[in-house]
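Below: a set of structures, written as structure tokens.
Two complexes follow with subunit A in common, the first pairing it with subunit B and the second with subunit C.
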Partner chain A sequence: MNGAAEFFTTDTAAFLAGALGRTLWMTLLGCTLGFLLGGVLALVRRTRQPLLAPARLLAGLYVETFRRLPFLVILILVLFSVQAVAPGLSLLGIATIAVTLAATAYLAEIIRAGLDAVPRPQVEGAEVLGLSALDRLRFVVLPQAWGVILPPAAAFMVMFVKDTALASHLGVVELAFAGKILVNKGFSPTLGFGAVLVLYALVSWPLGRAAAHLEKKLVAPRHR
Partner chain B sequence: MSLLDIAELSAGYGGNTILDGVSLTAERGDIVSLIGPSGSGKSTLLRVLIGLTPPTGGTVRIDGAAVDYADSAALKALRRRMSIVFQQFNLFQNMTALDNLTLAPVRTLGVARAEAEARGCDLLAKVGLADKAGAYPAQLSGGQQQRVAIARALAMQPEILLLDEVTSALDPERVGEVLDTIRTLAETGITMLLVSHEMGFVREISTKVVMMDAGRVVEAGPPASIFESPRETRTRSFMQAIIRH
Partner chain C sequence: MIRLLALLWLLLAAPLLARDLAEIRASGTLKVGVNPNFPPMSSYGPGGVLQGFDVAVAQELGRRLGVKVELVPTEAASRVPFLVSGRIDLSLGALTITPERRALIDFSVPLHSESMGVITTDRVSAARWQELDRPGITLVNMRGNQSVSVLEELLPRPRRLLVDGNADTIRAIAQGRADALVENVDFFIGFTKNYPDVRWRVLPDPIFTAWCGVGLAKGNEPLRAAVDTALIAMHQDGTVNRLWQAAYGAAMTVPVGAEQLQRAASSGAGGYRFDWQPVLAALPYLAGGALISLQIALVAFAAGSIIGLAAALARLHGPSWAARTAGFYVGAITNTPALVQIFLLYYALPEVGIMLPGIVAVMLGLTLNAGGYLADILRAGIQSVRPSEMEAADVLGLSRLDKLRHVMLPHIVATVYRPLANFFIVLVLGSSMAALFGVEELTGRAINISTANLRTIETFAVTGLIYIALTLIASALLALAGRQLFRVRA
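Let's turn to the complex of A and B:
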């Protein structure tokens, strides 16, 4: 069995840093893309334009389906579909796509609930002044919706940091998998998983802080 | 030619007919008051006029030109000439009073920000709120919010102003300040279409009174004739109910 002296080396540190990087990469990139795509889906679902009815239907179908699928199932679905069309893509890339797909569905619902929380008369007040749909969104709806959207969206992302551990099933060496590898190498579970635990905690904390900061910056004064 | 000519206008929600062939006209400078029991379609008429509720039949002409409510460019043009003030003010909660007044002129009329702000301050002064430019709606009383809302509608320099029960959501002691604002406004020669239950005010300010019931115009005429010698029994019973109450 390897002891503490062997554990606290630059090799182990580099190995863990790489794993941490992959965990963060999947979470941050996946959730950021998911937020943007989720925003698009939420907006599509809110339109009333008859021509967009098929798009509304598809968006709704997507959100309802992907929110109900376990993340592991999404991972496996993406793995097989990507291997069929783009066999060269890395496992990390595949896992990131899966995170994006799951985050899109969840965040679309969170964003939609936030937009719906802005009272209808606020939008009508803007509409009768001739403001375009984009201006209504930008100046009236979003500033009032951020306060409702950001807390659950941030909570979702912080929670999803953990779910990315499932990507280890694909063979992505993220934090949880790294802990297992270290233990297999002969380090004590206290050391191997202890380090992983500390790193997870160290990641979630600043993520939560960053979200709180963003919320302060974006939320309209009245709602502060 | 009338400034506003409404002919056989109909509208409804989900199959229910709410407006059932309403016709009325307003000349430039007219102050037309809509009265009638609640649920008679007064708000719906104003909402159709400003393009919030689609008409199901009839026409609206402004200076003789029919408005195509299905066309977004036509709606945009309409909202440069017509503005509305709602019962519940609907001020943007995330903006100061002044920003409420400048947003639309800057974004839709292409007015420079400095000019919009100067005009906005003038308008706030006109409604007696020069010192409230930086206040958020939540920091203002109902009466103050409603005056800001009137100023916001005026910032678009409309020819026709629609006012939907603008004093109904206010504390009784705040009603007077808003009515004073409308009186001052009436003297500027702007054309107004207003819904109100303040019968004394309606009688004093209107050039024309329109009695509505069940989505139709019961009768219309100068205030003296509607209040003193209404032709229709429905108008008479409404007046009696209002006076008794």
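Let's turn to the complex of A and C:
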């Protein structure tokens, strides 16, 4: 078994830094795409057009489905579905798609709650004033909904940093898998997984604090 | 900025180490990994020369691809890493086609089967393996073998005799100490030749069949196509069966049929055809797994609530050392992944002499994890009670118990019920992590099935539907309970 002296080397540090990079990459890209797609789903679900009823149903079905699937199951399904159509895509790419699919569903729900927080009479008033749907969204709904959406969306993203650990099952060398590789190399599990835990905490804790700060800044004044 | 992007690119781009077909042809040598300690697949024969089924297959593949073969002795655990690093071009050695491995490497069409079946004698009157499920039967198996736990599910009634080596299993049956062996028939049947006086028989209908293929590095398409073409030809002209017969002295129990060659070929390139039959047949097995998932979630929720309540009270009303400890616990738990927490319990505790079985490590890990999140939820609930209302209760002269029942609890329940119900759903979904520690709950069983039937998309689509049904039922029951018992809208 390798000792602590061999562990704290530049090689190990570079290896862990690369893994941390992949963890953050999956989270950042997946959640950003998920935010955009989730926004589209939330807007589709708000429409009133009778013609768009099937789209509303599909959007609702998507959100309900993907919030009730374990992330591990989503990862496996994406891996095997994507492999059939694009065998060349990297595992990191596949994991990022899985993060996007899951994040879309959760963020769609968060965004919908934010949009619903804007009192309906205001929207109807804007409609009477002759504002187009886009203008109602831009000038009436979004300015007010923003403060309700952003804090839980940020909190969700911080949470997902940890959930990406399951991508280790696909073989993506992110932080959790990096820990496993180090342990398989002969380092003590306490050291290998302990170091990985500390790295997760070092990322998650300040981000969590920032999200909480955002929430205080944006939400608290209303309830005072 | 560009530098940063370049650095990011370097970190993300996987190094391409495996050799492609053109490089292999140019070098004139194909490097094939075989297990040196796996007779009759491959082992060192007279003069230290490797021989066996895998060796013969490797030579034949080399001949058909027009290159020389260099055999590389490769232990079971190194097969995948050696492929990934390009130390070997192909891996043999009964490499079972599994989802876990498919994530890391590619497979050719199946080379041979690995079928779990029953070896018994004419002393036992059973025509199918299901008929062995009765108390008078003794099944022999090898200690620590994976099939032992599978058997407890499929054939719970017979007595068990555990022995230490491959040859011991067949000896136990020959000596009458056991009636049957349920294992990979091909790997064990050879030992029956040591007891020619016993009338051996293999029951038809294997319990399940997995397929072994030739492993290749991921994305090495031209090489895979060349190997597939050669293998399909070797199956069709009878070469594979001839080599198998020569090594094993018997035919393959479940031969590789046109269907397997078709399936594997079609799953590679776009034209995927769905086949739901295998997974639908396994629905009861999956449903049993769902119950275990639910159990894991319930245990973690119940035990986690107690820990969470203690931590919440310590942070709000405890002495400063207790508040600090609880705060550290909650911070440590909620800022790190549950998966890595369980890794630590499962892999690191044995260092201090505590060996937890997979399911215990998962339940303990999820409990500790739930404790951290539930502490936050419960703390918010306790804080929702306004001091002014407590003062009013004081003025009214309510007893401590009445204050708790009529003033505090209604507030707390109203605040925490919905987050608690949501968290229970999170735990049901989170229990799927147990599969990564060998627990056979819903996801674990789905992995088991798809390993054998190669119908991963269908299997996991059905598994996903079971999770959806499970959480919908749980949500509905929780909402109902909330309305009926606590008058809370959840």
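Note that the second predicted complex is superposed on the first by the 207 of 224 C-alpha atoms of A that agree within 3 Å, B and C clash if a C-alpha of one lies under 4 Å from a C-alpha of the other, contacts with A are read in each partner's own complex, and residues count from 1 in each chain.
Just so it is clear, contacts are C-beta pairs under 8 Å (C-beta built on N, C-alpha and C of every residue); 3 or more make two chains touch, one makes a residue touch a chain.
Note that the coordinates shown come from a computational prediction; the quantities given were computed from them, not determined experimentally.
In the superposition on chain A, contact of A:131 is made with subunit B only, not with subunit C.
Contacts of A:151 after superposition: neither subunit B nor subunit C is touched. Once chain A of one complex is fitted onto chain A of the other, the partner contacts of A:79 are limited to subunit C, with no touch recorded for subunit B.
Touch criterion met: A:188 reaches subunit C, while subunit B stays clear of it.
Once chain A of one complex is fitted onto chain A of the other, the partner contacts of A:196 are limited to subunit C, with no touch recorded for subunit B. Between subunit B and subunit C, C touches the greater number of residues of subunit A.
Once the two complexes are overlaid on the shared chain, A:121 sits against subunit B while remaining clear of subunit C. Taken in their complex, subunit A has these residues touching subunit C: 17-18, 21-22, 25, 64-65, 68-73, 76-77, 79-81, 83-85, 87-88, 90-92, 162-163, 165-166, 168-171, 175-176, 179-180, 183, 188-190, 193-194, 196-197, 200-201, 204-205, 208.
Interface residues of subunit B facing subunit A in the complex, by the touch rule stated above, are 50-52, 75-76, 79-80, 83-84, 86, 88, 90-95, 103-104, 107-108, 136-138, 152, 156.
Per the touch definition, subunit A reaches subunit B in the complex via residues 121-122, 124-132, 135, 139-140, 143-144, 220-223.
The residues of subunit C lying in touch with subunit A in their complex are 8, 11-12, 14, 99-100, 102-104, 106, 219, 221, 267-268, 270, 272, 331-332, 334-341, 343-344, 347-348, 350-351, 425, 429-433, 435-436, 443, 446-447, 456-457, 460-461, 463-464, 467-468, 471-472.
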